[in-house]
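Next come two complexes, and both contain subunit A; in the first it sits with subunit B, in the second with subunit C.
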Partner chain A sequence: MTTPKLRRLVQLLARLPGVGEKTAQRYVLYLLAADPSIARDLGEELSRLHETIRPCDECGNLAEADGQSPLLCQVCRDDRRDPALLCVVGRVQDLLAIERTGTMRGRYFVLGKLLSPLDGVGPESLPIPRLKQKIARDGVRELIVATPPSVDGEATALLLKRELDGVGIPLTRIASGVPHGGDLEFADPITMGRALSGRQRL
Partner chain B sequence: MRAQHVSALSVRSFRNIAQADVSLGPRFNVVSGDNGQGKTSLLEAVYVALTSRSFRATKIEESIAFGATQALVRARIDSDDGARWQSVGLRRGGRDLRLDDKRPRSSSEFATRAPVVVFHPGEISLSAGSGAERRRLLDRVALFSSPSAGDELARYTRAVRSRQAALESRGAGSSDLGEWEELSAVHGARVVEARRRALAALAEVAQSTFGELLPEVRFDLVYSATAPSDVADFASELRRSRSIDVRRGSASIGPHRDDLRLELGGKASRRTASQGQHRAIVLSLKMAELAAVGALSSLRPVLLLDDVSSELDRARSTALFSLLSRASGQVLLSTTRPEIIETTGDRVDFVVRAGAISPL
Partner chain C sequence: MTTPKLRRLVQLLARLPGVGEKTAQRYVLYLLAADPSIARDLGEELSRLHETIRPCDECGNLAEADGQSPLLCQVCRDDRRDPALLCVVGRVQDLLAIERTGTMRGRYFVLGKLLSPLDGVGPESLPIPRLKQKIARDGVRELIVATPPSVDGEATALLLKRELDGVGIPLTRIASGVPHGGDLEFADPITMGRALSGRQRL
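Here is the complex of A and B:
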């Protein structure tokens, strides 16, 4: 890259996850060669991104700002959802993954982070008081804990279990095991082990 | 046991080896050269290609050649099933592992495909040193006896370090300590279980080898656990040691503090054994590792013998030759004196000079 402006743009793009300098350069050269409207539209959307897309006031999912208050996401606006079933996830990505299954008929609560003292995240950094309020207000009758099966995710699940002990609703934990449609022989030993220990009665 | 061997090795910017492409023999490969020329680096490159870890540096990035930004080692492994490739790319801050050009699911999967056992001069600490080397021995063998051992150890380590971080940043009253203690206990107990299985696989050969070398004294291997085996008891003992652990800077109990206690005639060998006894113990443990890893993987391990050298260290050489005579698979050994190496069967000789490797 020859000019300072181009170098700056490459460096900005290279900060995106999964994008290195070479890929960033490819993007810039593409944007220069393609229809100028592509770069213009992209720039306009990006410059307004933080004003238009904000966390849902109710659950923390992504929501589009429309000047109304409180700001609600698609899921929280959907009347057909069962408010008594609440699924707690760590990140918005995890919510989107569950939504793609089309089987979740309840609502969500996004923690935003997982317990991780090594990264300076303690219990006080988690929105547990807000979660308790939501459970009481919406009359939640089952809480699905869908934090990831990592050590931090498990610790967060245990913390929720203890914090919500007195709330008096059943907590369930998502299962972990072999992927659908896969042959058992291709499952790695750890996943297979978890599937076995989490087996269910036929 | 199925045979397998490293038939070709490519090395780029690894320690003082700028570039090397070597064809190796299926049996004995004798690497000679003066000290500091790169013999150990070549053996280390094989070890890295097969396990993604080094037996020398604690930080693998240290093995990237001076002035280079990345290093690569790539091994072709031949067996009855055909040829396959394993490679490790090293960058500062990361490793890139490939099995036949695909990312392995885990570093344990990578490290167990082509078993390798290394015997190098520093390993006298297996018998005479602190517990770290002995725990590593058990954890290496455990990868073969319990497929989830590597994952459990990583989870245990994360949990127990998280507990320590919580203790040190928020004190003994911080509310998430119970969660970390429960997870430390759950995964810690599984680590201990895997190590006990690994020890069971090692003990018999270790004792019989030692008995052949020094029949007059009894050799025992005992797993010495610092934490209760019951998960709930383990967790409550962690709870009780919170205030001590804040001061000492780490958890006072758990698999990271356990030891494989080696006893000669019922006494801990670490302090009481003679030099000769230490050597016999190390050789017995290495023989046992070779046998255990072979039996558990059903593959003949590659044996790396570093620095089979001078007559000055006669006892050690005797031990090494005895190991050599029992290794039925591929052997790579480095020496300053190739003429003293007696081998039976196929042998290929190499010379290493200033990081350049050439067949003799």
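Here is the complex of A and C:
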């Protein structure tokens, strides 16, 4: 871009995931050609983002700061949700993916990270004590472990199983197998193996 | 997303070209996890975008508003550029693409739009009088017509040729043909035809 200010804006936009300099430049040129209110509104929302949005004190989901304490997200505020059904996820993204199904009637607990010894994330880095407290306080009767079916996700699931063994509530694990609409021909051997070993009676 | 503010931000981001709701959500989650200064800086730059960046009064390129009048872009300010060589482009994007080659030693004139009768853009919508003035004032000796080799771009080139016929300066047209690294096998017939008809002595 031809001016220092534009170069700076392009560099800032290019920090977004999957955005390179060309895409960032496309965004800027679009905004310059569009109604000035779009860039202004977007700019104001972004400036305030970290003041407005904070993690829910109860579950770690994204919550809108409204000056109340504790800060609760919309799921934790929803009385129709069953507090006895708790779903443990690694990241907020995973919580959002589960919410999109519209079938989760319980609440969540966001770990924030997965066990990953190679990256220096050991069991002590995970909020297991806080999870245990929540289980006891909310009278949880089923814990759905919805960490991803990856190496770190499975390791985290096994750690939870070991840590919560004495708590005496059933832990369940989300199914792993061939995705909906997926082709058996193109499923990798691990996925196909899981689809087989996780088979259920018709 | 789980809160009204987040939904609004996602909707604003999803107005960017090629950005859907999922990508917008990814951007927001990235910004929330990243250092707060990134979202804040980005927000401030975007809020001020339309105040900071305006079209150059001379050529229509993007220029940084610094309170001076007339507002000149970096190309028009550059004394080493030859004002007698003028390159006409349709959009600022095209100017930037030519600048990236580093081989253009003249100046530009951004039309802002191409002739497009189907979209209601007729000859009177193009800034031809302003272009004629600039040609006379700057003593232009060659006009490079760098509109794209599309239907609208070619129509605009022909219009310029007709309108500037009496001005008495040579008009040149950028070459159209098989792109660098391109495969003849996969070139469309029009491109291949242009590559043939535009052949030059080796």
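Heads up, the rule we're going with is that the second predicted complex is superposed on the first by the 191 of 202 C-alpha atoms of A that agree within 3 Å, B and C clash if a C-alpha of one lies under 4 Å from a C-alpha of the other, contacts with A are read in each partner's own complex, and residues count from 1 in each chain.
Just so we're on the same page, contacts are C-beta pairs under 8 Å (C-beta built on N, C-alpha and C of every residue); 3 or more make two chains touch, one makes a residue touch a chain.
Computed from a prediction, not measured in an experiment: that's the story for all the values here.
By the touch criterion defined above, A:Val178 reaches neither subunit B nor subunit C. Shared-chain residue A:Gly120: touches subunit B; no touch with subunit C.
When the shared chain is aligned, subunit C comes close enough to touch A:Arg15, but subunit B does not. Touch criterion not met for A:Ala187: it reaches neither subunit B nor subunit C.
Considering which of subunit B and subunit C touches more of subunit A, the answer is C. Contacts of A:Cys73 after superposition: subunit C is touched, whereas subunit B is not reached. Once chain A of one complex is fitted onto chain A of the other, the partner contacts of A:Arg48 are limited to subunit C, with no touch recorded for subunit B.
In the superposition on chain A, contact of A:Ile128 is made with neither subunit B nor subunit C. Look at A:Ala155: by the touch rule set out above, it reaches subunit B but stays clear of subunit C.
Within the complex formed with subunit A, the residues of subunit B that make contact are 105-106, 109, 147-148, 151, 155, 158-159, 161-163, 165-166, 169-170, 174-176, 178-180, 182-183, 187. Residue ranges on subunit C touching subunit A, taken from their complex, read 1-6, 8-9, 12-13, 15-19, 23, 25-32, 34, 36, 38-50, 52-53, 61-64, 73-75, 92-93, 96, 99.
Listed in rising order, the residues of subunit A touching subunit B in the complex are 115-118, 120, 122-123, 151-152, 154-155, 158-159, 162, 188-190, 193.
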